[in-house]
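Please read the structure below before turning to the comments.
In this document, chain identifiers A, B, C and D correspond to the written order of the chains, with residue numbering beginning at 1 in each.
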Amino acid sequence: MIASISNRATRHQITDVLESPFPLVSRQVSSRRTIVDVSGVKIGGLNIVVMAGPCSVESREQLLPTAHAVKAAGATILRGGAYKPRTSPYDFQGLGVEALRLLKEAREITGLPVVTEVMDTEDVDTIVDYADMLQVGARNMQNFALLRRLARVNRPILLKRGPSATIKEWLLAAEYLLAGGNENVVLCERGIKTFETETRNTLDLASVARIQELSHLPVIVDPSHATGRRSLVPAASRAAIAVGADGLIIEVHPDPDHALSDGPQSLDIQGFADLMQTIQRPLRRV
Amino acid sequence: MIASISNRATRHQITDVLESPFPLVSRQVSSRRTIVDVSGVKIGGLNIVVMAGPCSVESREQLLPTAHAVKAAGATILRGGAYKPRTSPYDFQGLGVEALRLLKEAREITGLPVVTEVMDTEDVDTIVDYADMLQVGARNMQNFALLRRLARVNRPILLKRGPSATIKEWLLAAEYLLAGGNENVVLCERGIKTFETETRNTLDLASVARIQELSHLPVIVDPSHATGRRSLVPAASRAAIAVGADGLIIEVHPDPDHALSDGPQSLDIQGFADLMQTIQRPLRRV
Amino acid sequence: MIASISNRATRHQITDVLESPFPLVSRQVSSRRTIVDVSGVKIGGLNIVVMAGPCSVESREQLLPTAHAVKAAGATILRGGAYKPRTSPYDFQGLGVEALRLLKEAREITGLPVVTEVMDTEDVDTIVDYADMLQVGARNMQNFALLRRLARVNRPILLKRGPSATIKEWLLAAEYLLAGGNENVVLCERGIKTFETETRNTLDLASVARIQELSHLPVIVDPSHATGRRSLVPAASRAAIAVGADGLIIEVHPDPDHALSDGPQSLDIQGFADLMQTIQRPLRRV
Amino acid sequence: MIASISNRATRHQITDVLESPFPLVSRQVSSRRTIVDVSGVKIGGLNIVVMAGPCSVESREQLLPTAHAVKAAGATILRGGAYKPRTSPYDFQGLGVEALRLLKEAREITGLPVVTEVMDTEDVDTIVDYADMLQVGARNMQNFALLRRLARVNRPILLKRGPSATIKEWLLAAEYLLAGGNENVVLCERGIKTFETETRNTLDLASVARIQELSHLPVIVDPSHATGRRSLVPAASRAAIAVGADGLIIEVHPDPDHALSDGPQSLDIQGFADLMQTIQRPLRRV
């Protein structure tokens, strides 16, 4: 992992000088853009990184073929949920450690680094044993206890934007991570909550361009959660690349109609391969 | 604490019959309204309960006079933050256990039960030793790990609505608590996030009336966070009572202009006393 | 009609002094609250004014009994739509001049002044012949051509808040009317558009209290459109009075289940009479 | 102008068969995409159309050089406001007919067709004499009197999305135009109103892709109003093309810092030329 800010002054010295509410994530502190290294995959440089995999890890039979397929199509990081934040207590809550073991197995077989969500401070130590990158989900973006804990972890963090978080609140959440010592943070725009109901959320791509003016941190886009509709994922992915995103995270399932979570927004394996064909190769930032 | 649902059937039996997405919090399961007992103070019955106190516990000199004053004015539960969820890592984060000790002291002197926020599963056991009621803050409303932990705690829970939570999502968060075994849940409307900037949030009082159609749980209103302006708290409080809320939670500080958090929305001691005079006595639900 | 601002200076003189973006509607210009006189019914004084009637005028058989009933129950202004703004071109668009004639007949029989919506500059002269007060609908709040035309009309205006209008935008829309010469403006909060779907709109009662800090104009509340549910109208009405509103405008239909528009949010005649019983009499501002 | 729907059945016949709430704009009625012809410039085909020009027409000295410059850079339609919808009555309201004359002069000199906004039914006949395409502004999207009038006009219509309009409401507004006889409608996404304040509005690019699933009408994007920041316009423009938009409408001013309206979001002439260089040529839909 590459430290973006060397010889960092204390917070008070910095704020005296910079007057930014989020001095460490601000571009004021660093003219260089941060490159986050996820077990060898670099996010924030010239290449566009695609993370792909199922919403939830459901079984070996589901995960391993998906992992092979997304790698073959060009993805370089494997995503998969072990602990699932679900609106209803009666929905599938994830396989937990069993899912972590399967992710590790998929990682060993395919060589793809793994990103998975952490929902609770008590799970951090366990997940660190299995995953290359830890995701903070949208609904936990302002779970400050979790942010403080992850600031002390030796893993890069994927920080999703809260469904009603302003850009400023989002960058301040990232500031918790940097201020606590973890400089390897990747932001992820995944749509915000509005009155529109045709799409699951409202994909805010201008925020990606604005973030890149305000911060040196890489920012990727999740077109699956943003749109909630499989049919819109390819167009949204191409738009994300065009706006300047550093990468994508896309839900892929071998049989979306029978997925235990987020089926309607998951691409099937062929759909993901087709999408990867339509985005220019090699994938480079605009 | 009063159990609202006796001889409760299993979840699967209930959903077979009721078809509600939140069967345990639904009125379908119980024609009686739940009354939650907070160390003797009953929420959900005929009387309107007023919780009051500082946003953050700052010192003994701040807390004890405030506790005495809010009791004298008619409040029956003392609020005070020990662990503070702050948007910026550079803002005051609360005194932690020291604040809990001060709250316990105030409780012993005044006899007022204490409600305070819990932000992390790891703090639950500690806070249970000091507080009569545990608050889940708005930004943690969908911190499902925390909800699952609090479902197993022998304390009533004050569940604030998330800034962008629909009524359905809010009731499903409550369902996590009931499904896990804690039936003593009070809901708290505290404003939702909208495009309007004149007020800190948009107070959604129709949600209170709608909740009472959908659920047997008590619901109170936080006019301080909802409006963000001291001058609007009295009118918002009166409207909350008129719409049928079971209570209020109000921020009071002896010197709001020097408060470490939420000063602009805190009433001073005289302002709180004046407010209590204008709401009809004895405070009874409409 | 009572002029609230006498010897009014020119705009440039005022803004030099006052620095308000909406100098004429601002309280800075007048320490007195404006009282708007609608053919003898005064809005903005101590009494709370209730306007009631059907969403759309459908027939003499529908309108006249409704007018008699709402008067008997205590309403002092009759509402009824002649020109209806409908989301779909295939929905009932109103009876137009025929409805205006029926409203005038109801006015003559009952003595109730009439308020009805104007949607187009071309209809203004016609509607002025029939109605005592002209309503600007929510979707036309920023129809500036219409506002400029209504500024030159000898009728008081009921200016509904746009579904996504900030308080500032709303007061600036009122400023168009005052700047153009019409000082008899009543504001109407009718809910704003948010992510919440349990209610048709989100009733923003804190805006009423905030408006009264910022402006000398009267402000009333429309609980029918704000909630979209008949069952929530009584509680929302009581809350509106408690927050300090100067009046209410409520949809009443003799047979809501067969109404040509807005049936689900219309009270029937008995429901309206019951509501009027529950709000304290004589109706006075808090 | 090309009629997209030939031998169209009556409304009642269509809705009987199709069950779409907006049968005429729905793709169900036509498998072909509509191509709208604006005095020879075709919108909705393979080429991406760029409309550019000042927010407000201010003077001949401002307009003519801008018109020449945007044509030289590749724009094929000239935009310019004559009647301006302004939030405040004290802001510049446009030059009216004088602006229309200047637009016509610019049209004659450059050959670029002209699009300009119409705010009122009473202005329609005048504007038709000068402009090739009539724009319905965002705040008038549900000005149904205006829509009904424009349905009978022999000019294509640019229908901007309302700041809080759902996709369904937007398509129903278009349905007013088609149902009234004007089939030459181009939709324009210009951002919706949300809690985010870093950008003027929230650009909803997924709506463009969704519209193309639901409707045969062309849809373009206004990155200037959507972002409100000049620096974000190029990235937003590229994203709009990538998501599949049929065109762009961009504000360009020779001296944005002194523009009478919308300066902060206007590109200068060099900035517009630079943007046009970065979008692939010839401009074709993805």
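Here is the rule we go by: a residue touches a chain if its C-beta (ideal position, glycine included) is under 8 Å from a C-beta of that chain, and two chains touch if they have at least 3 such contacts.
Because the structure is a prediction, the values reported are computed rather than measured.
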Higher number of C-beta pairs in contact (A-D or A-C) found for A-D
Cα centre of subunit A to Cα centre of subunit C, whole Å, reads 48
Cα centroid separation, subunit C vs subunit D, in Å, comes to 33
Separation of the C-alpha centres, subunit A versus subunit D, in whole Å, is 35
Multi-chain contacts in subunit C, i.e. residues touching at least two other chains, fall at 164, 193-195, 197
Contact graph of the chains (line, ring, star, complete, other): complete
Listed in rising order, subunit D residues that touch subunit C in their complex are 11, 15, 21-22, 83, 85-90, 93, 119-123, 139-140, 142-146, 162-164, 169, 172, 175-176, 179-180, 193
Given the complex, residues on subunit A that touch subunit C span 193-195, 197
In their shared complex, subunit A is touched by residues of subunit D numbered 164, 166-168, 192, 194-199, 202-210, 213, 226-227, 229, 231-232, 235-236, 238-244, 286
